[in-house]
Amino acid sequence: MTTTANTARHGLENSELHDFYDKRGFSGRVGCGERPAVVVIDLARAWTVPYPASPLGSDLSGVIDQTNRILEVARAIPIPIFFTTMEFDPDGSDIGSVVARKTPHLWTLARGSEWTALDPRLNRLPGEVLIPKQRASAFFGTSLLSQLIAHNVDTLIVTGCSTSGCVRATAQTGFDNNFHVVVPREAVGDRSPSAHEANLFDIDARMGDVLATDDVLAYLARIRDGALAIR
Amino acid sequence: MTTTANTARHGLENSELHDFYDKRGFSGRVGCGERPAVVVIDLARAWTVPYPASPLGSDLSGVIDQTNRILEVARAIPIPIFFTTMEFDPDGSDIGSVVARKTPHLWTLARGSEWTALDPRLNRLPGEVLIPKQRASAFFGTSLLSQLIAHNVDTLIVTGCSTSGCVRATAQTGFDNNFHVVVPREAVGDRSPSAHEANLFDIDARMGDVLATDDVLAYLARIRDGALAIR
Amino acid sequence: MTTTANTARHGLENSELHDFYDKRGFSGRVGCGERPAVVVIDLARAWTVPYPASPLGSDLSGVIDQTNRILEVARAIPIPIFFTTMEFDPDGSDIGSVVARKTPHLWTLARGSEWTALDPRLNRLPGEVLIPKQRASAFFGTSLLSQLIAHNVDTLIVTGCSTSGCVRATAQTGFDNNFHVVVPREAVGDRSPSAHEANLFDIDARMGDVLATDDVLAYLARIRDGALAIR
Amino acid sequence: MTTTANTARHGLENSELHDFYDKRGFSGRVGCGERPAVVVIDLARAWTVPYPASPLGSDLSGVIDQTNRILEVARAIPIPIFFTTMEFDPDGSDIGSVVARKTPHLWTLARGSEWTALDPRLNRLPGEVLIPKQRASAFFGTSLLSQLIAHNVDTLIVTGCSTSGCVRATAQTGFDNNFHVVVPREAVGDRSPSAHEANLFDIDARMGDVLATDDVLAYLARIRDGALAIR
């Protein structure tokens, strides 16, 4: 029940390291399933308004554009769409001292503030669930997993930021729960190019297929056109 | 209730990138708590017998030596000690097709086989719990979290392998649950030196303090000597 | 995608209380889904050898008979089948003092002992996963949820014992995760008839449809005969 | 580290059934720990405004009074206090069809509506965390567990409603995670007196100590007076 279409790794150039991993039984191709959902990670203003206006921010316009290409097809099918943001009590009572010390930037993410709002370029529609989270993985302390089960999802298309933080952690938990995890390379971003590349490598080796966004779009088009059943 | 001792980052030399992260509110020093436990990740024969005798293996004798230094003090205090290994049904019925395809090496980890047994150099003692797991994080699908609560633990000292897989995933879940996470740099290992370094960087920036093993030993010695209360 | 067949409550006679709950928006009929799995709870010798030979035991031969009727059809289709048992380290190191004090009977459930073995009358077959657990819910600290996702299950048929303990807790977690939960009334049992009835009432009001075993068999027969798709 | 004070079961009169359970290794006395938190379950207007003005409601003024007695001492110490409510997207997109069908009353619990607001008689103060949840257990899909760990809690005092639903489910998960669970009998309530009694029995047998509220107050007074350390 898995597509055999083009799922070649894209843009991961360190071929020697790939070969090293392949020989040891990593980096298998999982392929896409039949009932995907899109999970857009943390494209809220705290991350999409570039530094220094937002301490966490960087220029993610390309990531937003690629995510919007995916959302357009996803809405046309339609398949379930989830957005995440991060938010804490404005008085900090729910943050925990360990988390507050390691990642003090989280103090800026007060519930209801301008920073936790989704970037308006995403045009979130009614019925597209916004999941507030407090940790890297979109599954931790949220209802995402039960909602995916309710929608009979088998494949997660993960976009957004940051590749080395919340995207990777979400991919890990998705994989842990036996979802096909697909990461469209140009639709995820990170403030650090080297962390971006290193984590795409680990994601592809250990938890999900890193694909070209065009290949993900082709997969969704096949679903839209009925070549793959959605139930 | 957190020690203010030497928790400087150790051996993470990319100072420019560190400065970049610090300015954005990452990489804070969490420090060690008062009631640590040691979690030794996957130092089983599948990983400790070098490739190609074991497809997953590499030379981890240094990691085992450093882990044993930590275990010696931990046993003398004593504090709780947990070991993990990975294991699946020999007939593969509990592995899941997604997991089996992405990481086909897991097929070698049949419950009861020679590969899933802990490396004998660790000399696991009675009362030191062995936790079989099926995913990267020692918390996923296991009783580790409830056991840590039962022992009133606030700090996890994570050693073992691989830095880019199970060590990082365990550090992430430990941090998610508000434990102080401490990673003794020389007591964790990875088959890929570049993945090792990149993931130590991410761990230190996002989920735990990467310390010199000597500093972790000094911290444990203070607990052994009663300078920090164990309850 | 839900069957509209006979899902009337069966054998729950307290009609006044039912009416009271119905008016307040409980006890809705969920119905059965399309891709069921059977989860047989704790029909191990500790529970199936009657008291006092086993301190936890009672006469569950009727429950085993009804479970076997369900298993026969389930194996013919086939659909995924899971069995649970409970087990702890023989030295008690993983039990936790709170759990050990509230439910001291758990001390008898040493891993590998005669008491934790499944009742041989169930004839567990290869490929039918045995899940050792340490708490009431079959989901707590186990891989059950990820395995259900791997098999694309949407419906849990829960049998076994005890209705007031592990059956109810498993039904609760199944419901929490948006699975259709079906409890065949004669295929679950409890050492206390009053606790059995009270908990069947709560299960039916809050988390799953309590059905006659014959109705569950009819549902499975429709799946076997292709009236409902299994994917 | 557990108090040996009066933890006798209170008001559970079915002595024959108690004896039956005791002989089988249930209903042990766990006792109270040293670092309690109060978790007030679902004392929001949907439950505290009596039926039929609120379909879910009943007269819980006694439960609120007893909860307030506990909160008064808890605030004076102080110890962590958590309140829960239930809430869903007003458009129902995050409710899941299984949950919506079994418990259609949940449709009234739109985020931001008058029904999901805490009963004003509780006078929630700044720093007392309000946890919105979507299932019975206060732990499911929430950050409660990680917050309890952050506060180094070992004991949960669970009050509120309903005994047969969210109180029991929260007690179960608390017990599963090795917390001492204490249920002050007069501070929990249920729209059905028989479900209330049956579930207090199960809670006391399987997951927590059901105590007189006065005994819980005496325990908290000992902590306030320094007879038990709070760290």
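Residue numbering begins at 1 within each chain, and the chains themselves are lettered A, B, C and D in the order written.
As a working rule, a contact is a pair of C-beta atoms (placed from the backbone, for glycine too) under 8 Å apart; a residue touches a chain by one contact, two chains touch by 3 or more.
Nothing here was measured: the structure is a model prediction, and the numbers come from that model.
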Intersection of contact sets, subunit B vs subunit C, gives A, D
Indicate the whole-number Å distance between the mean C-alpha point of subunit A and the mean C-alpha point of subunit B. 26
Chain centre separation in whole Å, for subunit D relative to subunit A (CA means): 36
Among all residues of subunit C, which ones touch two or more of the remaining chains? 96-99, 135, 141, 146-147, 149-150, 176, 178-179
Please classify the inter-chain touch graph. Allowed labels: line, ring, star, complete, other. complete
Name, in rising order, each residue of subunit C that touches subunit D in their complex. 17, 20-21, 23-31, 51, 55-56, 96-99, 101-108, 135-137, 140-141, 164-165, 169, 172, 175-176, 178-181, 191-192, 194-195, 198-199, 201-202, 206-208
Subunit A residues within the subunit D interface of the complex: 89, 91, 93-94, 96-99, 126-129, 134-135, 141-143, 146-147, 149-150
Seen from subunit B, its contact residues with subunit D in the complex are 1, 145-147, 149-150, 152, 154, 176-179, 231
